[in-house]
Amino acid sequence: MRQNNTMAIDTAELPEPTDPEDMPPVNTNPGWLSEDELAFVRGRMPVLYVEAVPVRVDGQGQVNEVGLLLRSTPEGVMTRALVAGRVRFGETVRDALFRHLENDLGPMAFPLIPASPVPAQVAEFFPLPGISAYVDERQHAVSLVFVVPVTGSCSPRQDALEMTWMSPEEALAPDTLDELAGGRGRLLRQALASVGC
Amino acid sequence: MRQNNTMAIDTAELPEPTDPEDMPPVNTNPGWLSEDELAFVRGRMPVLYVEAVPVRVDGQGQVNEVGLLLRSTPEGVMTRALVAGRVRFGETVRDALFRHLENDLGPMAFPLIPASPVPAQVAEFFPLPGISAYVDERQHAVSLVFVVPVTGSCSPRQDALEMTWMSPEEALAPDTLDELAGGRGRLLRQALASVGC
Amino acid sequence: MRQNNTMAIDTAELPEPTDPEDMPPVNTNPGWLSEDELAFVRGRMPVLYVEAVPVRVDGQGQVNEVGLLLRSTPEGVMTRALVAGRVRFGETVRDALFRHLENDLGPMAFPLIPASPVPAQVAEFFPLPGISAYVDERQHAVSLVFVVPVTGSCSPRQDALEMTWMSPEEALAPDTLDELAGGRGRLLRQALASVGC
Amino acid sequence: MRQNNTMAIDTAELPEPTDPEDMPPVNTNPGWLSEDELAFVRGRMPVLYVEAVPVRVDGQGQVNEVGLLLRSTPEGVMTRALVAGRVRFGETVRDALFRHLENDLGPMAFPLIPASPVPAQVAEFFPLPGISAYVDERQHAVSLVFVVPVTGSCSPRQDALEMTWMSPEEALAPDTLDELAGGRGRLLRQALASVGC
């Protein structure tokens, strides 16, 4: 069943295309899956994800800016995205959250992962619409969504054009919410509600 | 021990032994996995679970009783357990929670699933100790833990000897907490804290 | 400073005018305050309130209807309101929540107060705008906001024209949110986000 | 009704004796109350407090140390305390939390107030035992309790002997919990549960 074609599952971020530079030279970690294995698992199990809404806070913890990744789809459509990615086998939710934040925001961004392991929201994605508010054609995914204060400077990796910081009001504007894929405008709205925005 | 190799993964509850009567006659649902497939998945992906602490509440929502399942291990040791089980492919977290509550408490128990999809606690189980507070030798599992008020009468299924209702103080006594397997005494304590106990 | 004119503070609901029928015949409870005493306190202390968003849930706890009170202001303007009211001296938050729900929804409504004492949201009202998102000209009030499933039938008391049940989508429509006074459209949006709407 | 004897209410911390150096030279802020006024209010209204459990977190947000203030009562008994104090008229919950943390931990401590205004726990104190788990002989107080990561160095003010940092396990040991006054051992346990301890 295994083939030479070993694309790593951990690069299969929920909202973004696979990043070739994350491909492992040799597949030794049990958390790495070949494309076939990944397809097998995705058709049989809910896949656990973490998502993060990066925010800037003031000295009293009040959110005053929200960070959204700007991406271009293969068709050239601009979309907004949250930081997101799969939780690997053997990895804690905290470590997955930190890894994806570092991966998406660059090494000079300093995320302050919340002390509580309880997410701000839980989002369920199904291949077919109508089961929940969120759709992911590839899989049944369950996302633990956190709002994460970030200090330092963000330099998004290659497949994101930029990291846009905006006020909570701008982030919650219908036009912005519509630019998030897979129904995630609703998710962004819910996550920001948890911090009083 | 392996048979025609159609044991269903969804019966592989986190804390309890597999229940043969849940075995499907024909494996048609993509959420059903053979034993080999289950072993394959368990070694490569975190498996998503739900767990529930059944409680009795008074008219103002205050918890005044906590329900724990009493079980006997194959070695004859008595253990306490929460309601727990896997989330199937294509199933919402709410449906999984309801299904496992009904399965464990019987058809005359009426669980009032909380309106919020955000769990009271998230517990991470790893095959090896030291990564988190919880151990599950079989797999890397991530549990969304809910406190669920239950009305009606509970008649636990065959492999549980009884459903014991006790005061929050009794449930939090060190002796009781020690009777929960896999470090779940800590989890019960955390879940009850979320409802002010 | 004290006068004969003993209007009770506990009837001074956050969003609605004082209800004369709640006036006590004799002021013996230390939680009852004369109008002057109330004015004194309101100028010196944050006043603790509870607010509730009544909802209908399905068998799995999913919110499928949201209840809003419809009121007419003295000027004849129609407004929407949440269930809300002060926490009395000596009264628990749960009891205050139950009392105000019963008072506003009638004796045939059965609220299922959440088991957790932690509110879905905390809203801060100040007499002057700009300090927070919420304004209450009369006082500095801090509201603990809960989403409360309700069964039975609701018969709102005299000063509310009706209790309107609507889908979460209708409740979240900008037109509906704008009909709530004091900035509470935002609060309703945040409270519904906590239950995944 | 007002007298010369102007002890400030905002120094009337929940767990500790009033601090004379906080007394204002002239009582101009409406949030300052004379002793008589404070006594009047305390007998008629629930008083809003904030409490904080200072913690040290690692790079992934995991709590690895808990800070407790060590105090000596007038009778010479050693007690442990959380950071706590009243919310003033006109002050936001965030500002109150920050003010009391700065006041209790000194100017070189940097508290990272959580982005969410929803507390980890709500604790209700009544003058008489039996209504809730917490007792405060002076008043009916409602505390919003937060777990607050702190960086920098803590130098507690005069009436606290020291700030003791300990592991979550030590903080949760029955001996430690018993050293907190007013039933706050339970509250510390609940607050730490919210961060997975």
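Chains here go by letter, A, B, C and D, matching the order in which they are written, and residues are numbered from 1 within each.
Following the convention adopted for this analysis, a contact is a pair of C-beta atoms (placed from the backbone, for glycine too) under 8 Å apart; a residue touches a chain by one contact, two chains touch by 3 or more.
As the structure is a computational prediction, the values presented were derived from the model and not from experiment.
Residue-numbered contact pairs of B-C overlap by over half with those of A-D, the repeat interface among A-B, B-D or A-D. When the interfaces C-D and A-C are ranked by C-beta pairs in contact, the top one is C-D.
Inter-chain spacing, taken between the CA centroids of chain A and chain C, is 37 Å.
If you average the Cα atoms of chain C and of chain D, the two centres end up 28 Å apart.
Multi-chain contact residues of chain B, defined as those touching 2 or more other chains: 92, 117-118, 120-122, 194, 196. Of all residues in chain D, those touching chain A in their complex are 55, 57, 59-63, 92, 94-95, 97-98, 112-118, 120, 147, 149, 194-196. On the chain B side of its complex with chain A, the touching residues are 30-31, 33, 37, 41, 43-48, 87-93, 117-122, 124, 126, 131-132, 140, 142, 144.
On the side of chain C, the complex with chain A involves touching residues 121-122, 133, 189-190, 193-194, 196.
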